[in-house]
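Presented below is the structure to which this report refers.
Note that the chains take the letters A, B and C in the order they are written out, and that residue 1 is the start of every chain.
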Amino acid sequence: MEDTVKFKIENLNVYWSGSHVLKSISMDIGANKILGIIGPSGSGKTVFLRTLNRLNDMELQIRIEGGVLLDGKDIFAPGMDPVMLRKKIGMVFALPIPLPASIYNNIIYGPSLSGITNKNRLDEIVVKSLKSAFLWDEVKDRLKTSAMRLSGGQQQRLCLARTLAMEPEVILLDEPCSGLDPISTTQIEYALKELKKNYTIVLVTNNTKQAARVADNTAFFLMNELIEYGPTGTIFTVPGDIRTMDYITGRFG
Amino acid sequence: MINPRFTQVIAVLLLALATLFTLAILVFIIGFILSKGLAHVDIDFILSNPEDMGRAGGIYPTIIGTLILSTLSILIAAPFGIGTAVFLTEYTRESRVTRIIRFGADCLAGIPSIIFGLFGFIFFVTTLGMSWSILSGSLTLAFMILPTIIRTSEEAIKSVPYAYRDVSFSLGATLWQTVRKVVLPNALPGILTGIMLSLGRSIGETAVVIFTAGSSLRTPQSLFDSIRTMSVHFYILAREGLSNEKAYATATVLIISILAINLISYWLMIRFISKRSG
Amino acid sequence: MKIFGENSIKNLLIVIAFSALTALFLILAFILLEGLPFIFNIGIKNFLLSSDWQPMAGKYGIFAMIVGSLWVTLGAIIVGVPLGLAGAIFLAEFLPRWMMRIIKPAIELLAGIPSVVYGFIGVMVLAPLIRDYIGGPGLSIMAASIILGIMILPTILSISIDSIKAVPQSYREGAFSLGATHWQTIHMATLPAAKSGIIAGIILGLGRAIGETMAVIMVAGNAVILPGSPLDSVRTLTANIALEMGYATGMHRQALFATGVVLLLIIMVLNYAATISIRNMNRKV
């Protein structure tokens, strides 16, 4: 079955203060799928992810060429407001970064920016997002306590819930489990598998096994290039490139 | 050759003595003023008007004058200082413009208070015709404390983790929303510490105040009235030899206010640090 | 809902960001406009190199005040630098962090004490001591130097501590690994590396000393004479302005602004020197 294409990336090149950090990337990202991006650190995965929601815009030394189409529309077109774009594309970072506020206030940060002030509506959003991130049962009695008091795994699920609260279409995750223990990692992975019914998910990971476990498609980045891209099953059993084979069998990286 | 261990012992001993001496000076100054003045400070001294040029009575109008003048100067300088810091840290990259702005602030910080006094006198009091008044005084003081507020706010804003900004942007916030909802609240204790420092400077300042706000002992009716602050009152008492007893008492109130302000800013700092690390 | 758009906020902040520069420009403009014409009127030489200050007789020579300012500033350096430097080394190198947390606020408190209080202590305690045990009138260069030396301690201390702390640990480890004692390490590795920062601190302290007004008025005696010894009374540039501003009019007032111009020039030179030292420090670390 042919996927609906959510993101279409066409010959994307990114230069960062002189160096070429993404070289001619082209790929389609299917809707309601999990795309796993693997590769050694420094291979350009994070830059790629931050290009998709234009979080790199803040850097003045960056230059971006080529096209990124979201639902057929160029996200770098002059009329595209990066703020509106980021409301559609949520992001979870490598380390859990709760804002120093209560659990409740962390969740409603995005919605209240969009102008939602109705208390009941906000309460609903908080419950729904925390449930979707499988955190509700653990924190339902202490929504007003500081988010800084949660454990690392809980904090990361809070960050996921906070992203879900904006009701985005796409969720970008940048090595979300790199600082977490195996149990927390399993919880996050479980949440992601459930969430793909409603969202398109792009998961950058240092852990190839994680990609094998949760991703529908997998892309392998090496030295700022996209080496190989295809269904996860294919990539992990019959990779088309010797370098992919070397990486997933742990021979380098 | 002398044994290096022996040299070390002697050197450390001398360094420790010098440090102790510095701390002893601090203790002596505060102790001396308080021991001579505390006995003469009571509710009556604080709440009654001075009589006979300050030889008798209390210092009530000078306390009011100090409060009004220093608060007003903070209210004027803080928006400009914090705004400048926000611009320098969040709205622009390092460039020639930021270097010029920082250079200007540094120069302003180096100007002695007597020059601020001269300027306030010729600009606000004379040229703008605001005469010796609360307004002239607080505007001049605001000029004087502006660089301190810029510098400390900038440091406070820079100490907010960059990741918070990333999170805020990724949740669809604009730059100003990020500044208002994430950056400023988290930098607030640091900014307040800078404001407390400036408050202390305003309260202790004498030269600027004499030339711009005058030294009237009457309780002011409007912003265009002259007032006398505690520092000015203390200076006049001491210099004219009106009353040593009242001078010590005034200095005691002055020192206690400064102590309180330093304690509050210290407390803010501790809270700031513990919040960062926990 | 949105009262200000993102762009209008940015524009507002740009305007605000230039407030410090505007303030600086206004101050320089008004002081110079008031003071410079006077200097050219009576002649730079007559103004700067004559010690004859008799405003009533139309004589405006500030040489004695320039010398006075330099004397008390030099004295403040002699008192303040050894104490400040020794304190900074001890605090930065030999004290554990938790003790620094107590002592740093104490130093800030020293900086927060109003200058009139320092002046008062000088009058009540220091001047009588000097008069009774060393000689002279008491209110003197020596009294002013000691008081100013104490007043600039916090500046020298905090900047020196920062620059000593900024020396990379690897410098120290290098010296330690060669078998140096802690003191030898400080003396051979740490201090040379922190030198420009410490110098910047001293220069800023110097600026504070030369610009200080109220404390100096109270303890220096204020006589317009060329001092012959540290026990003589002296008048500084700042004191000259503050003492006479209250009643000066016309030419006399302009002369005081001209005194301010000279003071500003000295401060500007000092600040420039400090900026260069700080820049050197940043480059090295």
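Note that contacts are C-beta pairs under 8 Å (C-beta built on N, C-alpha and C of every residue); 3 or more make two chains touch, one makes a residue touch a chain.
Predicted, not measured: the structure shown is a model, and the values here were computed from it.
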| item | value |
| --- | --- |
| Joint neighbours of subunit B and subunit A, given as chain labels | none |
| Closest chain to global C-alpha mean, per-chain Cα centroids | B |
| Most heavily contacting chain pair (counted by C-beta pairs in contact) | B-C |
| Most distant chain from subunit B, judged by the mean position of its C-alpha atoms | A |
| Rounded Å distance between subunit A and subunit B, as computed from the means of their C-alpha atoms | 47 |
| Between subunit A and subunit C, centroid-to-centroid distance (C-alpha), Å | 55 |
| Centroid spacing, where centroids are CA-atom means, of subunit B and subunit C in whole angstrom | 17 |
| Numbers and ranges of subunit B residues touching at least 2 other chains | 174 |
| Contacting residues of subunit B [partner subunit C, same complex] | 4-5, 7-8, 11-12, 14-19, 21-23, 25-26, 29-30, 32-33, 79-80, 83-84, 86-88, 91, 100-101, 103-108, 110-119, 121-123, 127, 143, 146-147, 150, 174-176, 197, 200-201, 203-207, 210-211, 231, 234-235, 238-239, 244, 247, 251, 254-255, 258-259, 261-262, 266 |
| Of all residues in subunit B, those that touch subunit A in their complex | 93, 161, 163-174, 177, 181-182, 186, 275, 278 |
| Complex contacts: residues of subunit C adjacent to subunit B | 4, 6, 9-10, 12-14, 16-21, 23-24, 26-27, 30-31, 34, 82-84, 86-87, 89-91, 94, 103, 105-110, 112-121, 123-125, 150, 153, 157, 180-184, 187, 204, 207-208, 210-214, 217-218, 238, 241-242, 245-246, 256-257, 260, 263-264, 267-268, 270-271, 274-275 |
| Complex interface listing, subunit A residues touching subunit B | 53, 55, 58, 60, 83-84, 86-87, 90-91, 93, 95, 97, 99-100, 109-110, 113-114, 148, 159, 162-163, 166 |
